[in-house]
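Let me begin by handing over the structure; questions about it come next.
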Amino acid sequence: MLGQQLLNGVVLGAVYALFALGFTLIFGVLGVINLTYGFYFSAGAFLALYFTQGLGISMMLALLLAGIVTGGIAVILDGLLLTPLRRAKAPELASLMVTLGATLFLYSLMSAYFGTDIRRLPPKVFTNVGFNWLGLHIETSQLLILVTMVVIVSGLGWLTQRTRMGLAIRALAENGTAAQLAGINAGAVTRIVSFLSGGIGGLAGVLIGMNYNAIEPYMGEQMMLKGFAVVIMGGLGNIRGALVAGLMLGVLETLTAGYIGSSLKDAVGFGLAVLTLWVRPVGLFGRATIKRA
Amino acid sequence: MSAFFANLLFTYQSLIYGLGINAILGLSMYVVLAIGQLSLGQAAFMGVGAYASSLLSVKLGLSFPVVLVAAAGVPAMLALLVSVPTLRLSGVYLAIATIGLGEVLRLFYVNWDYAGGALGLSGIPDRGGFFTIFGTLALLLAAAFAVGRSRIGRAMEAIREDEQAAGVMGIDVPRYKLAALVISAAIAGIAGAYNAHVTAFIAPGDYAFDNAVTILSYALLGGIGSPLGPVFGAFLLTALPELLRPLHDYRLVLNGLIIVSVVIFMPRGLFSWHMRRIGAAK
Amino acid sequence: MKFVQLKRGLRAGALAASVLATGMAGAPYAMAQAKTSVQLGAIEVLSGPNAKYGVSIKSGFDLALSEINAAGGVLGAPLAIHYEDSAGNKDQAVNAVRKLIGADKVSLILGPTLSGEMFAAGPVANAQKIPIVGTSTTANGITALGNYVFRTSLPESDVVPVTLKAARDKLGVKKVAVMYGNDDAFTKSGYDVMKAALTKLGIETLTTETFGGKDTDFSAQLTKIKAMNPDAIVVSALVQAGAGIMLEKKALGFSDKVRIIGGNGLNSPKIGEIAGAAANGTLVGSPWFVGKQDAANVKFVGAYKAKYNAEPDQFAAQAYDTLFIVAKAITAAGAADPQKIRDALVNVKYSGVLGPSAFTADRNPADTSGVVVLEMEDGKFAPLK
Amino acid sequence: MTDALLEINHLGVRFGAVQALSDVSFRVEAGTIHGLIGPNGAGKTTAFNVISGLARQTSGQIRLAGVTLDQLPSYRRTRLGLARTFQNIRIFREMSVLENVLTGAHVQTGGSALDILLRLPRFRAAEREGVARARDILQLVGLESRAESGAGDLAYGDMRRLEIARALASNPKLLMLDEPAAGMNPSETQALRDLLLVLKKRGVTLLLVEHDMQFVMQLCEEITVLNFGALIAQGSPQEVRRDPQVIEAYLGTKTAHKLEQKS
């Protein structure tokens, strides 16, 4: 049973990590808590539903397309909402507030349009197949989540560490003004980061919607709270941190539910997050220098 | 004629009470924002005030003034505990830490059978009315103005603008931050008690993240140039859902649109008047 | 000129006020009756995450309303329903009650959708002596709010024991694992009922696991449960979590013989839609199911499908019957007077798509004879053989 | 020599791998104007930050009027009689000019929280007195006509003067000025020099970081020179000017050129 529980934990952790990656990326580079992130998650799932059911596209292609479209939405939303605020040098709180209003707008528009019924991908589009190995059980969708997570993490690692674009992204994350002075096109980098983050959010939405087979407009909002916990534990803006913290949270939640008591399961996340803030406010992997106020 | 007003007051009673209570919550948010801190724990503190006061009313039958002392005191104590680690944290960390507080408390209420657990606490006596709520609001507003127009108000604004420079002015920044969080928690707790005692029923989910965000939006919509901003913002955002009722499903859509437009086009809030921070005539 | 206008305006205002003032004295209900129609209010969750329940209920009311009015209405006048959206928020539910009573002068209020909303809104209507009838509020203690608070939905305590008894007697279930959503009033009170019923029926509970209503991952709890080898899993959950549990149970390779036994929350065709084959074998108890073969129900389901192009769920059916019950009570009362309607409601007997119904002395549904145990088979609930 | 107001003993500051200050010692005598100079990156602002408590030293000691400041937070140092301005002007832009000066007088202003809440006469008298004092200070720096203006609307030179006024409001024993003349035109610089001399006459000790060498040489009685975080010279303007190490540190820069011409 322990083996299966650990596997359950890793899969759940991968779900958390996958969701948190885009969230932490957008914070790390653009320095904004972008609450619309949860919306890309929901939007991705609905788009995949539309592509497969409405247009008859295959699941894998739909997954990719959904990621691209949500990435595009993220770029547009950033341009409409946050760029004007950046230009006006509005206080940090204003950006938080604007994404908040936008979240309210987008979710309610979505539920007014689609209704709040739970939807599912039809079995002919995607059916989970289970694999058994050494008494452990895993499903196709779970494997897909694990694989996607590994691909995205290594892709982001390669992009930020090995490419010129990555250098620009890191420079912008380090110090926006200095990066601009050094001739980096901050607008372009912002768009690329928004695209990546929105795309990751959308992909996560498709995969997780597929795994639990329940797609509804507010699914992204449910993920946000766990996303916050993971991002704090890993350190705001830290990709590797989000990965490790996500996996850790998943495993600890599962073990808590399996061996201590399931009513404590949800307390684990915020318990750990609060503990992190007490002991090491920059997160498990955050660098010790905190940005001066 | 008086019957007409009696009817009007009956019909819109909870809306009118809601205006007052939410304005108090807006002020509690103001106290923190005015010092440049972002707390998303106001809903949590409101919940602690609501639970503390309701339990004393329902289980022990204590009188309302006594209950109110607890409604202010318990959240204030909690704020004191919470602020130990969070004072070291700046900006977004404090915000996220306080979100965590709300979530932890929700789970606590859910598992606390004495307080009704997930079923919530019903049968809370109807206490405090129009005059209690709006009297409190008036008192708090007067206090906010009095404090704002003194060295304390100047120190708060200094901390909001530049923490380090404020320290160099001889202002004990950590103490101010601590006091602001504790006082704002006490104010939110009182609002929670009023809310619980006019709606008769409270449940663990009433003080979650959404509500924290709503309270924040009162202050941001109204602006924090003066205490009137959050009050004005609370009035508007409380009345808005009622005014927009005929829109049904698209009500929240418009609500969101309004918030977005205000922030983009009027980043200092709708009510951007700055109060004078000197407590004597020129 | 301006002054004259102002004066005229004042006079008109005073007139309106005096009309309203007489209204307060008790005459308006007679006036409303003579004027046009009988005014009812309904408070449902029509927006936000829980809108699915409110929308179903509204559909049920609207279908019944068109049938009642097509047949001549009540007391010779058409029936009208003022809908108010609570968005699932108790404060807005209270606002709605006050508006319906104070501004719309309704004679009776239907709803609200959620038990939590009723706990806040019920006392307001009760204090004003306006009957308020919940169609979906199954939590314990609802009707204890006062003499004007009714509900037509069978509380879980009438349904769950029937289901569990059938499981024990027909399927030989002796030891079970229990799972419930611990952060929601509905699922928590469902669990309380299950726990009592299990003890009473002598069924052994191997373990009790909880989850959050919005959780999507149940693997940890189910892996633990699987190792204990229960005969069945008793689940108190709403549709989303319930379907998630079924899917995960199948994924973890439970034997098909280990059934899910659910409460009212799982009694929805959505379960089959979301969980597919994983939902097969699920047991629920209900006074109603979509495939119920009596004439009234066949007619209802047909009309509902024709109007909405979707199958009704139990919320719609309950709402549909409730409006007929209320209409019958108003007819019996002979006037759209809240007090008379309340007194008539207590005694009304009606037979609709849910079978025969009446109220107990404490304003809960009296007739539990209609409860059947249903089994999910290929996406549809059918009576357990 | 006996009544040193500020004593810096073996001060060292390290940020990660960077040694910003190493083993710096100097004394500022009460009633003097003391210059702290050095090329860019010499560690002058770091020294200011450590003395005022905005950064922490990794070794060494700071004493103000005999009191060890080492681990005190900045507000405590202010209460002990230390005040400073910033190189990159940090006034409170959303307050009025008068409010800025009153904020500087935070420690000086009376009135308990209760006095304030009840608006007792005691509190109002304290506010009136504070305003009168603030206006005096504004007059001293020549900003009295702008008292009610928004601080963010001031011209650059006026902002510098407001920062000095704000620092003065705390009634400091030691006033530390970080490049007060930067960005000022010659007549403003002249006015500033006069102001500093008035302050000196009133008994305020001044510690000055400044790039305008002429300004420093004319005003200061004692000068400390830093380069790459280390002290390289100390003494009267004449001594410092002739110091070969100082000349070398400044060599190739315009300032060095100027220095040589003047000597």
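Read from first to last, the chains carry the letters A, B, C and D; within each, the first residue is number 1.
The rule is simple: a contact is a pair of C-beta atoms (placed from the backbone, for glycine too) under 8 Å apart; a residue touches a chain by one contact, two chains touch by 3 or more.
Everything quoted here is computed from the prediction, not taken from an experiment.
Minimum number of contact steps separating chain B from chain D: 1.
Taken together, chain A and chain D share the touching chains B. Farthest chain from chain A, judged by C-alpha centroids: D. Centrality by Cα centroid goes to chain B. Separating the CA-averaged centres of chain C and chain D is a span of 73 Å.
Rounded to a whole number, the gap between the C-alpha centres of chain B and chain C is 34 angstrom.
One finds 31 Å separating the Cα centroids of chain A and chain B.
For chain D, no residue reaches two or more other chains under the stated contact definition. Multi-chain contact residues of chain B, defined as those touching 2 or more other chains: 107, 111, 164, 249, 251-252. Of all residues in chain A, those that touch two or more other chains are 108, 111-112, 263, 266.
If touching chains are joined by edges, the resulting network of the protein chains shown has some other shape, matching none of path, cycle, star or complete graph. Interchain contacts (touch definition given at top) occur between A-B, A-C, B-C, B-D. Every residue of chain B that touches chain A in the complex is listed here, in rising order: 33, 36, 38, 85-86, 88-93, 95-97, 99-101, 103-104, 107, 111, 163-164, 209, 213, 216-217, 220, 249-253, 255-260, 262-264, 267. By the touch rule above, chain B contacts chain C in their complex via residues 1, 3-4, 6-8, 10-15, 18, 106-107, 110-111, 117-120, 122, 195, 199-201, 203-206, 241-242, 245, 248-249, 251-252.
Of all residues in chain C, only 14, 16-18, 20-21, 23-25, 46-48, 51, 84-85, 87, 90-92, 94-95, 98-99, 101-103, 116, 119-120, 123-124, 128, 139-141, 145, 181-185, 187-189 touch chain B in the complex they form. Chain C meets chain A in the complex at residues 47-52, 55, 182, 209-212, 214-217, 219-221, 223-224, 226-227, 239-240, 243-244, 247, 251-253, 270, 273-276.
By the touch rule above, chain A contacts chain B in their complex via residues 27, 33, 81, 84-85, 88, 90-94, 96-98, 100-109, 111-112, 224-225, 228-229, 231-232, 236, 263, 266-267, 269-271, 273-274, 277-278, 281, 290-293.
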